[in-house]
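As structure tokens, here come the structures.
Each of the next two complexes has chain A plus one more chain, namely chain B in the first and chain C in the second.
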Partner chain A sequence: MTVTAGNSLLERLRRDPRMHEAVLRFGESIIALVIGLTIGAVILWVSGYSPGEAYYYLFQSSLLDTYGLTSTLSFATPVLLTGLTFAIGARAGLFNIGAEGQLYMGALGATLLAWLAMHVPLLDSPLGTLVGLLLGAALGAGLALIAAMLRVYRGVHEVVSTIMLNWIAYWLVYYLQSQKLYWPKDPTKSIPVPPGARLPLLLPGTELSASFLIAIGFTVFTYYLLWHMVHGYELRASGLSPRAARYAGIDPNRSIMLAFVLGGVAAGLAGAGEVMGRPPHYAITSGLSNLVNMGFDGITVALIGANHPLGMIPAAIFIGALNAGSRAMQAFAGVPLEMVRIVEGVIIIALAVPGILHMIEEYLRRKRELREIAAKEAEASQAG
Partner chain B sequence: MAAPETGREPVVSMRDIVKIYPDGTVALRGVNLDIYPGEVLGLLGENGAGKTTLMKILAGFLKPTSGYILLRGRRVVWHSAAEALRHGIGMVHQHLSLVPVFTAYENIILGLPSRMLAGARQRIEKLMEETGLEVPLDEVVELLSFGEQQRVEILRMLFRNVDVLILDEPTTNLTPNETETLFNAIRKLKQQGKSIVFITHKLREVLEITDRIVVMRRGRVVGELPRAMADPRLLARMMVGREVLMRVEKPPAKPGEVVLRVENLWVKRDIGTWGVRGVSFEIRAGEIFGIAGVEGNGQAELVEAITGLRRVERGKIYFLGRDVTNLGPAELYRMGMAHVPEDRRSTGLIMDMNVVENSILGLHRWERFLRNKWGMLNWAAAEEHAKELVKKYEIAAPGLYSPVKYLSGGNQQKLLLGREISKNPKLIVAAQPTRGLDVAATEYVRRMLVALRNQGHAVLLVSSDTDEVMQLSDRIAVMYRGRFVVVTRPEEVTEEKLGLYMGGIEQA
Partner chain C sequence: MPESAALIFAVGVLNAMTPILLTAVGEIIAERAGVVNIGLEGIIMIGAMAATMAAEGFGPLAGLLAGIGVGALLGLLHAVLTAYLKGDHVIPGIGVNTLALGLVPFMLIVYWGSAGQHTVPRYAQVPKIAGYISPMPFIAILIAVAAWYILFKTPTGLKLRSVGENPVAADTVGILVERTQAVAVVVGAALAGLAGAFMSIDWLGVLTKEIAAGRGFIALALVVFSNWNPLWALGGALLFGTFDSLSQWLKVLHTGIPDTLINTLPYVVTLIAVAGVLGRVQPPRHAGIPYRRE
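The block that comes next holds the complex of A and B.
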């Protein structure tokens, strides 16, 4: 291997196969999006809607005007964070689908702040914002920690534990919202976060709050942790090969703990951010209706973004755009919201296709190679 | 070919069988084998010689990369083991495949269509009577002893009326009495005209029970002879063989101070039984201490205990004079231990990580690769390190940032070895360091180990390749059933003799 001259950043990036890989993966995701949208168009057309009109309103209203764009970004915020929950887990070799419940717990944390602020006026301030976020992160991490400990000490698979914990969190938060922390003026909501403790809006009159910046910040932090810090290196090593990790003096269980807790913090922040930064409620609504599915949508984001934090930013914005635009699509093109879900589903299936093609290609290449070696060996054995 | 009776047609012929595993490991390099009706064929060889792979191909568990099988003269291709079984070829694996919560009877009839079950119980009882392979039919299998479970599996095959019964290392976990029962059954089956293939590395057994012996080494058949012409010495020599490799030049050893001392070490296997049963030895700076033996006699557990990967139950390990019993790998590496593990693909390297990332595996918390106490990695230093390894050890890699799974086995091993040497260790523990490597890479690795020893490093070499241990070691121990049966010097022992120690036939 020779190292040629030219050490400018651009030159280095150009030579780095990791860049090629990234470009390739990005391209694959784009192709999958196109396929998904195309098949979605066919479904729309067959169902008697005009695909052109539907997509026009979908994207016009979500990306091409200021209010729509901010709405897209505010939809992207929680799913980016819950996507990180899944992606960090996946990097550590886990299938952590607990973001849904951890997000509820995060929302509960922010609601506890709202309740506290009723008694402690001092918290109706940026200090309250901080306390709410910390409570949310702590409760999210706390729920994740249960799954982590079950996995590490009792060998309970995280799919089982997180599914169950999701329900436990759902009914716990639902109970507290409706029985203990409800707002006397409107019992279908919890006590709203007081104005002074809310996350500030980035643009007045829109839904976009500072929680978007928190999500972006956490994403960059996660990227840095995974690829530029020793803890992230150990986490990825444990995920790729627990045996090799142990051999290298790494305790894979510590990586599992770290992945769960960090993921819990991300989902907790997502939930707290929804309550503290999302107009008009600033509260948990009955049946957790302003929160449900945000955790599971994160899995979609993680898949589209190939579990890479930086790749997940555009993925989250895309999913946010589908959510934000689906309102206009319904209003102006008369297409039901469920159509958007179908398009999402098709995209995810399409995303799996390049992976399958790679596998087939690799398999055929390998088989050809083996045939060649085998022919040589047989020849040699006959000669010998 | 030494056919037992001329004029008799083989029931099965395997021709030019080559098997290369998807990871590039060459298991069989063109094997021809005939099996005759009514004979017990002993398939003898060291671990990794290809015996099991060959038989798995015959029984339809694996597909050959090239070559073909003739069954009674007709060419057959198996798409599954079930298909081979329907055609009368059944294999009993070393690790049994029974349903633990089913009874013996249920296990025997499992998977058969109901039309074949009329009078099944009577037929099984008759089989048991004929062969002497008695089992309590209504007992749940997990409550049976290993020997009984094995009989269930054999009965399962016989009930399906196999003509060729393959037994893979059947005596490994049997008591002497159970072995005797099994041998009697084999003799009876032979009289019924069945062919039995007996895979083993135990010389004594192969001489006791077989009619014809085929010896395999490194994926080839290296010899075939009727039992009458075989004796343990001859077989041991054939099994171990001499390789065509160049001899590695080795100046006389200049042993220095004691680097590693192991005292009466007891270590358990994963399944809870004793793997290492009271082993003691010392290694000095500037010498290679080789441990020979058939795999599975405790070497892996010994290596893991020394390198901090497995709990020591009893006994002590001293490294550089310090008691390091049950110390973790990270501390041991810091003190100056290096470990080239047996399985580079799943333990020593991370296939999906790139060359740079792998070049710091285990060293990643060393100061030179960290930018500060917060744990920020210094990738520039890591890249420099990887570059040095690539240059120094002539590693052919598509790039520093390619995943190591795209490197050949030899280059993977060079990277691993280079990384371990870069720890500047006092002791290098190398387990099966040349397994699966081609001739050139094997030689490279061996030279490297001798060079390290010449520079005053202590080397612990564990290998089931007897020739390798003989060539490289200054002192040799043979491990058998968790103990050292002998500790000697290469000039004081022959390979033949070593083979006998390894087979548990001779004790020092």
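The block that comes next holds the complex of A and C.
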């Protein structure tokens, strides 16, 4: 079904190789999602659950009613931003898997605002919102800058440095949440952001806050930067071939720095947005439980969306739906919500199979050619 | 029972060294053949889980074998994607890590009915020499020495390294590039699986949902730190083991430093160590690059 739809589009788009490639890539993502959900269903079935029931609650609660839809969008928000962290890095030739730690630092920035606002009442206002977002972006970018400098000046591969920094950020924020910035009324969470400084909800009674608009805005900005601005062009050129870029007078190290810092800002905003925009806590909860994995989920979003900001919007909504629906799946079908991460892992592995659709396309082409030959032979034998 | 604090400390160092050493030696073998696998973290986690299941059913030896087996299978998956299908080397690893992040907590609930962690019963744990020393650290050291010998002193090792240095030349003289890479990755991942098994059914005696805690990536750092040499990895792993053990002691001694901050120590040390040696190490020239014939 998917393949035939892709195929008919291919017929029309054969003349434009870039469109052709985009369509193939889209088809590959769809195939990966189907593989992920199918293997997920097998694991559910083997574990003694009903896959139908699990998936019914997963998607019914995340896509089929207004509240579900808003909570899907609210969970799409942080993973879209952390997805940009990975995608901007990937465009510069990096594997920046540090969004997780940078997101923690962003949440810390928003929590510092909450602490400041206790002493400076002026900050219990939209001014405080701005300060919190800036602090979050700055702390996220700061952590990313360490990885960038280790890479540029010491040659430390970012896969190692960013994971180490993720753990350092985890324990640092854990320490500050539990020992310094805890809320005296409920020490299992940090000081909550005061009402005046919170990001406003787009729909009252839901979890969807203005942080969604920030994420969309940042996505459009990233698209514009990468494809319509000199810095973005240089960044992509360095990613495709650092040597060629250097010959063209581009400094690849500058692109690496830019990619890390910009990615850190995105992840920092994601963390700050979670703390300043998500009811009911408006705080960091014990063990960072309301933040963990939001950075890693971004990698899935980026890979499904082919590291393209516009492709990542639907990808983020899909992952957002998994995360939003996993709560209902756990509550009503009794399936542990970790299930959705298994599906994500399988999707990534499926995406790692190079050019599934190229293979299918090649197979179909050969089959068509064989059919044509057979038809010609049949014609010839009839004529004879 | 242990006689002195020094002995307990030494055992702690050996235990903390073992998983990082096994994983790093495995990755050195794979990268010497030109394949990078960043899914080690996930392989440790899934290996730890499989080992616990098998050990509870059939005893500790079966547990260790299950860890090796699951690691080898995940290595085979990686080998198919990278060596044969010529795909990207990093993305499958991210996939395996994500899978493990879901699978381990999922199975903890589904299979053991406990959220977050499961204590391995004593009968399923690897028996200890004199009651408190595991044989595994010594096996790990033997494996490291053997890997060094094979890589640098035998024709097999020379062939393997030539694939990672210059696959075109290796191909020309008739070395089977893909098969060599596949074997190296499978062996490497099997060692990571064994590392996971050691953690759950031996050292810690407990399976937790974050059992690897970054060790897969610390091992990746150690590969660089050791200049892709198993003997240097042994030294490096001892160093990391010492810091890991030290941080446990700092917690017990009530130094006034909060535990949460002490927990950052192994990661800080790793970063400093890697940043310190770089520029003086020489990675295999073709590591991480898919090999395509012209």
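Operating definition for what follows: the second predicted complex is superposed on the first by the 337 of 384 C-alpha atoms of A that agree within 3 Å, B and C clash if a C-alpha of one lies under 4 Å from a C-alpha of the other, contacts with A are read in each partner's own complex, and residues count from 1 in each chain.
Assume a residue touches a chain if its C-beta (ideal position, glycine included) is under 8 Å from a C-beta of that chain, and two chains touch if they have at least 3 such contacts.
This one's a predicted model, so the numbers in the text were calculated from it and none came from an experiment.
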For A:A54, select first, second, both or neither according to whether it touches chain B, chain C, the two together, or no partner.
neither
For A:W171, using the defined touch cut-off, is the partner it touches chain B, chain C, both, or neither? Pick first, second, both or neither.
second
May I ask you to decide whether A:A283 touches chain B, chain C, both, or neither, giving the answer as first, second, both or neither?
neither
For A:I214, is the partner it touches chain B (first), chain C (second), both, or none of the two (neither)?
neither
A:A248 contacts which: chain B (first), chain C (second), both, neither?
first
What's your read, chain B or chain C touching more residues of chain A?
C
Partner chain(s) touched by A:L94 [first = chain B, second = chain C, both, neither]:
neither
Touching partner for A:A141 - first (chain B), second (chain C), both, neither
neither
Which part of chain A faces chain C closely enough to touch in the complex?
43, 47-48, 95, 97, 150, 154-157, 159-161, 163-168, 171-172, 174-175, 178-179, 293, 296, 299-300, 303, 336, 338-354
Touching chain A in the complex: which residues of chain C?
38, 42, 77, 81, 85-88, 90-92, 94-103, 105-106, 109-110, 213-214, 217-218, 220-221, 224, 258, 260-261, 263-264, 267-268, 270-271, 274-275, 278-279
Counting only contacts in the complex, chain A reaches chain B at residues 1, 3, 16-18, 228-231, 233-234, 236-237, 240-241, 243-244, 246-250, 366, 370-371, 373-375, 377-378, 380-382
In the complex formed with chain A, which residues of chain B make contact?
16, 18, 20, 22, 24, 26, 29-30, 65-67, 220, 308-309, 328-331, 333, 339, 341, 343, 346-354, 357, 361-362, 364-365, 370, 374-377, 379, 387, 390, 397-402
